Amino acid sequence: MYVESRTRVRYKETDQMGIAHHSNYLVWFEIGRTDLCRAVGIPYAEIERRGYILVVTEISCRFRTPFRYDDEILIRTSVAEIASRAMRFSYELYDAEATDLRASGFSSHMWLDRESRRPVRGDGEVVAAFRPWADGC
Amino acid sequence: MYVESRTRVRYKETDQMGIAHHSNYLVWFEIGRTDLCRAVGIPYAEIERRGYILVVTEISCRFRTPFRYDDEILIRTSVAEIASRAMRFSYELYDAEATDLRASGFSSHMWLDRESRRPVRGDGEVVAAFRPWADGC
Amino acid sequence: MYVESRTRVRYKETDQMGIAHHSNYLVWFEIGRTDLCRAVGIPYAEIERRGYILVVTEISCRFRTPFRYDDEILIRTSVAEIASRAMRFSYELYDAEATDLRASGFSSHMWLDRESRRPVRGDGEVVAAFRPWADGC
Amino acid sequence: MYVESRTRVRYKETDQMGIAHHSNYLVWFEIGRTDLCRAVGIPYAEIERRGYILVVTEISCRFRTPFRYDDEILIRTSVAEIASRAMRFSYELYDAEATDLRASGFSSHMWLDRESRRPVRGDGEVVAAFRPWADGC
């Protein structure tokens, strides 16, 4: 179960190799994460308003085929793992026609209290909303 | 009266023209602004701790000669105008030897209360500290 | 006569003031420029393939109301001036409903030969295609 | 055997969590890689001039303690693996005093011919120069 997002490679995102710089992939992952939260029914901005932040604890990405300026990118985002204190999202980046898997990766996160910045259990309603999206559930 | 900062063009900052993307110049201006605040004796982080933010209201930049990957950039930052509610910084970007003026610009700012986000007079001590740095004073 | 583009503020584009960092506005201008070229019938990538680059010589932006994370931005891009060797684009950034003008600016450009990096007259077909888009023409 | 680089967190690099956005870590890794090439005696720009590019095939990063605006970052970069067609760099990010390991990661790369964009053996002289820097050699 995944959510799809689309964006285009911005000129700013290219580098002198003539391809999109690899650090942008993490930003595209984040677009997918934002859209997944929206699809789940709890926009990420709402999560922060409830007093939580979902910080990144680990990132991994494998790059297969580069994207070029103005290419449309199809982002597929899913919930790979969910627990009360942590989550993992996984991502696949395709060409516009979804025929060529160009990169894949994951991001691991944990919940912090927004004020104290201490690890906490995630908001119950939020965690429950994500749970049905976890693979294999 | 100006403050000098130095940085190098990061690979990430290049684009497919093979030069540094123009949006980075605003980030380099910001490095200069940060170092000027430090030189004035009031690091910008301290200004925010005092309950103020200095938001950007206008930006202008003229680009003469491009910077390339790994070039050293010399940033000269000065206070162009200062009033109780607003400030303007000006910037010159040179090659490492300061012989070639490659870009110049300014940024205009106003003081906001950090909580209410309303325009306010800047912190008296901060404004007084910047005043001697204004050109022609 | 303008072209409209839409994008959303990415989490990466926010800063610790809790608003979109001002340097991103130049990147949003560039999205508008890319879409205007596409609307004109000559995608910018095609312009570079023809052996030209359109470098930025000046940028200006006035900031009125900030954008926040996940806000939709409406970009209106038009051709402000066109000559054989130079162009100026102008930009207006609105909220999603186009009721609140949040920022406006322009970018000036000149044509360079992609190989020699010397100023040249723009490709005749390209300049002719942009001409009807210039304001007041 | 590692190379040390230092940089400061730019205001642009913060996000609305009040910490440096995680995607910047890949850019800081790249600063380390650039400085390691320089230390090895072959600036990366020289590698591209010889007709090669060193593309990223995989990235991984673990985040422990965040960096904040204006924090000084100490980057330690080393060569983790080297072969004729591929390389892996590893990175450790510390606070200015090198007492707190805040993040660590690696980047895997392969050599491409700059024109054909096909995988090739790296330039012999370049690979030989990196070899003594590989851990455990």
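The first chain written gets the first letter, and so on, giving A, B, C and D; residue counts start at 1 in each chain.
Convention: contacts are C-beta pairs under 8 Å (C-beta built on N, C-alpha and C of every residue); 3 or more make two chains touch, one makes a residue touch a chain.
Not measured: the values here are computed from a predicted model.
Visitor: Which chains sit in contact with both members of the pair chain B and chain D?
Guide: Of all the chains present, those in contact with both chain B and chain D are A, C.
Visitor: Averaging each chain's C-alpha atoms to get its centre, pick out the one most distant from chain D.
Guide: Chain centre farthest from chain D's centre: C.
Visitor: Which pair wins on C-beta contacts, A-B or A-D?
Guide: A-D
Visitor: Between chain A and chain B, what is the gap in Å from one C-alpha centre to the other?
Guide: So the centre of chain A lies 33 Å away from the centre of chain B.
Visitor: Where the CA atoms of chain A average out and where those of chain D average out, how many Å apart are those spots?
Guide: 24
Visitor: Can you pull out the residues of chain D that are in contact with at least two other chains?
Guide: In chain D, the residues touching two or more other chains are 11-12, 16-17, 19, 23, 26-27, 30, 69.
Visitor: Of all residues in chain A, which touch chain D in the complex?
Guide: Residue positions touching the partner: 16-17, 19, 22-24, 26-27, 30, 48, 53, 55-63, 66.
Visitor: Can you list the chain A residues touching chain C in their complex?
Guide: Listed in rising order, the residues of chain A that touch chain C are 8, 10-12, 26-27, 30-31, 34, 43-45, 68-70.
Visitor: Quick one: in the complex, what on chain C touches chain D?
Guide: For this pair, the touching residues of chain C are 11-12, 14-19, 21, 23, 69.
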